[in-house]
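Across the two complexes that follow, chain A remains constant while its partner is chain B and subsequently chain C.
Entry: the complex of A and B
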């Protein structure tokens, strides 16, 4: 089920939370939603799940308008809200059955679905406990289980892995990836590595507007611009190496790293100086100890775009 | 309708799981039983008449205090814990949530009242009782409870603090229970008539006396609907701020 957000504007008082926001997500895509605090991530998710209605614009899920038929749209969404609210005095099984019933899971298969979710989310030992007695990680699993109980076409997860231990995080990521093969998934996170690991596409928003949209690799490449290399050369005189490096036609800037025999080299735009550095060392008989490209990570991209 | 019932079931179960329901039933039966049978200057033996009137007067006041305690958490707690977002992003409308919760509390009160039927049977067996007025008495209690539940849910819908919701429901209740009756005397003419029409005791007593007038029914139906609609409105209000 495709999601298309069309020119959505949402005001909180005089503050614009979403500013003419438009984007599309296709079936089988896992979209990572990034942005600094207050960028409008959660607001967008709330608007898609029909919790709040935007001042302008509309959102379509598989062609059905969120504004016109919310009940139809809500049926096809599984939603894990931001702070994972739960009815703490309900036992896990009862809670899942309640949500399943609300989502219109038929009576015959509701028991089966609850068991399946308990298995998938690893809740077997905790299933008869009250939710309030569970640890944070298990509560998070219950939150995920309730989002998945009716086998939704669209999954919207607001920071799904907060409070989980590293093993659980990997499990949940695998689970999301698995689900994302046939469903549409939107997840927000402030852990960039997580978005990089799970998502096919990243959307960075800031102040209610989209500032970047693409695969994690393409975003990194875009932000990269110049090639940056870390070069280690074992020679007697490092000043000699410095001047030789600077004379190479592809090299734009050379700088010392610490006091060792390491240099950081910035190539000219669109050029790569890897080959000529290697040849130079061979010609001069210097020993090359290191030649590593310095990659910008998503964190740099994020910081540059949302400053 | 199905969605309303799912919410009602869950809320009812919540009342019974949290002891709330048992406390209500035990205390209500205890209080009303004490005043009906034992109190002295008031009970059926003192009056020397087979009548349920003492029970209805006591129940009227007991429920007035108990109902805000039952409704205070209905929406206030959902706001506080954020579960309201969870609920409203499921295929249920704001109206269904409000009516589902209303119905749950109403059914709990109805069950409690049903448990007082042995009082009725015992009194009927010791003397001639006016069956009609007992029937309308119960009807009056149900209508009055429904009205206060509806107002209580409204009080709970405008705050995320349960204590505030409880006190607010009591304050609103006091107006209908006593103050309108007192105020009506102070205002002459039409204004006085309007205010005295708002007084709940007046309508309650005319029903428990065995007279079911359409104006009484309209009065209760209006309060119930107004309370539920106002609660729905405060849920919808999340879109405005």
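Entry: the complex of A and C
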């Protein structure tokens, strides 16, 4: 089910949480939602889940307007809110059955569906416990299970791995990736590595506006601009190497890295210095120990776009 | 997505969950224990002095079962006094954290993300509490009836049974009045402690301070000794109307009239009006007519508080923590 957010504006008093926001998500796509605190990620997710109404604009899920048919839309959405609120006094099975029934899962299959979610989310050993007795990781699994109980076509996860240990994070990521093969998934996270590892596409939002949209790879390339290389040359005089590197026509800037025989080289726009450096070392009889491109990671892109 | 085959109504699913939450909660169990204990205590005091209670020659003496609810040997208050005292506390305890605690825990946003109508939240909480209260009060009344049956060895008359049944309904309405007031506070105040305190303050005000205030007003406005009978009756009527702003007074008027068929009027009566009156018990229909304004006022207050809570809740923008 495709999601289409069209010119959505949301005001909280005088503060503009979303500013004419528009984007689309295709079926089977996992979209990572990035942005600093207060950027409007959660507000966007709440607007998609019909939890709050935008002041302007509309959101369509599979062509159905969220504003016009919220009940229909809610049945197609599984939502895991940021704080994952749960009824702590309820046993896991009862809670899942309760949410399933509210979502309109028929009586004939509710038991089957609850068992299925318990299996998928790895809750089998904990299924008879009260939710309040579970660890944070298992509570998160219960949250995910409740979001999936009615087999929704769209899954919206607001920081799904917050507070989990590394093993749990990897497990939940794998689960999301598995789910994302069939469903449309939007997930927000502060962990950029998680978005990079899980999502097909990244959307960076700042002050209610989209500032970047693309695959993690394309965003990195876009932000890269100039080629940056880390070069290690084994020569007697490192100042001699420095001067020779500076004289190469493709090189724009050379700098020492620490006190070692490593240099960081910035090439001129649209040019590559790799071949020239290699030839220079061969000509001068220097031993090239390292020639590595320095890539910008998503964190750099995020910082550049949101600072 | 699974399309509905036999899909339960979300309203009743939520009511079921609320009932389950309520009956499992410690606060409810404590309150029920307290109500049960005091009611059984008052039943015991009533039965221990029962022969004295039915010795007299008033119009009420034939209604043995009604005596179980109104008579006491003096060591403990009677059943209706206990209900009038503890009923509001029960209502407040069931409603003071119904909405704000869910909002504080964030579960309100979770439920609202499901395909349900927003007003289901409030409606189901009220309905569930009302079902629990109704079960409790009907069970208590039947329990007293059952004990009476064992002790007296005769069944209640139809009139007695109906009076006790209507008394239970009035008790439920009275507790629902306090329940809705506390639900209103739970919508209005974000902190559960504040809403509980607000509810208890109003209960204390009407239980203790309101009577003192009315007495002060009565003393200040009391007519001088030599005034006409008409003026005295008017003054008494005024004071009585002031007292009727107290929901406890309305409940007492209604239940006393229902359980004591000899009561023929709830207002001041002149000697002329009582001359010639036969000291017979009132038929149930007449007793009902007598208490109709009181019951209507209690129902009206209940609906008013619910309407205010409903409006506040529907207009509020709920943001998660």
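In this text, the second predicted complex is superposed on the first by the 307 of 307 C-alpha atoms of A that agree within 3 Å, B and C clash if a C-alpha of one lies under 4 Å from a C-alpha of the other, contacts with A are read in each partner's own complex, and residues count from 1 in each chain.
Everything that follows uses one rule, which is that a contact is a pair of C-beta atoms (placed from the backbone, for glycine too) under 8 Å apart; a residue touches a chain by one contact, two chains touch by 3 or more.
Because the structure is a prediction, the values reported are computed rather than measured.
Chemist: Give one word, clash or fit, describing how chain B and chain C relate on chain A after superposing.
Modeler: Once both complexes are aligned on chain A, chain B and chain C clash.
Chemist: Going by the contact rule set out at the top, does A:105 touch chain B (first), chain C (second), both, or neither?
Modeler: second
Chemist: Is A:85 in contact with chain B, with chain C, with both, or with neither (first, second, both, neither)?
Modeler: both
Chemist: Is A:113 contacted by the first partner chain B, the second partner chain C, both or neither?
Modeler: Touch status of A:113: second partner only.
Chemist: After the superposition on A, what does A:302 contact: first (chain B), second (chain C), both or neither?
Modeler: In the superposition, A:302 touches no partner, neither chain B nor chain C.
Chemist: Using the superposition on chain A described above, determine whether A:152 touches chain B (first), chain C (second), both, or neither.
Modeler: Once the two structures are laid over each other on A, A:152 reaches chain C alone.
Chemist: Pick one for A:33: touches chain B only (first), chain C only (second), both, or neither.
Modeler: neither
Chemist: After lining up the shared chain so the two structures overlap, which partner does A:52 touch, if you call chain B first and chain C second: first, second, both or neither?
Modeler: both
Chemist: What is the contact status of A:13 with respect to chain B (first) and chain C (second): first, second, both, or neither?
Modeler: Once the two structures are laid over each other on A, A:13 reaches chain B alone.
Chemist: On chain A, which stretch or stretches are contacted by chain B in one complex as well as by chain C in the other?
Modeler: Residues common to the chain A contacts of chain C and of chain B are 49-52, 70-72, 74-75, 77, 79, 81, 83, 85-89, 98-99, 101-104, listed in rising order.
Chemist: Per the contact definition, I'd like the list of chain A residues that touch chain C in the complex.
Modeler: My answer: residues 49-52, 70-72, 74-77, 79, 81-83, 85-89, 98-99, 101-109, 113, 150-153.
Chemist: If you look only at chain A, which of its residues touch chain B in the complex?
Modeler: 12-13, 46, 49-53, 70-72, 74-75, 77, 79, 81, 83, 85-90, 94, 98-99, 101-104, 146
Chemist: So in the complex, the part of chain C that touches chain A is made up of which residues?
Modeler: Listed in rising order, the residues are 1-8, 10, 13-14, 17, 21, 24, 105-107, 109-116, 317, 319-321.
Chemist: In the complex formed with chain A, which residues of chain B make contact?
Modeler: Chain B reaches chain A through residues 3, 6-7, 10, 13-14, 17-18, 81-93, 238-239, 241.
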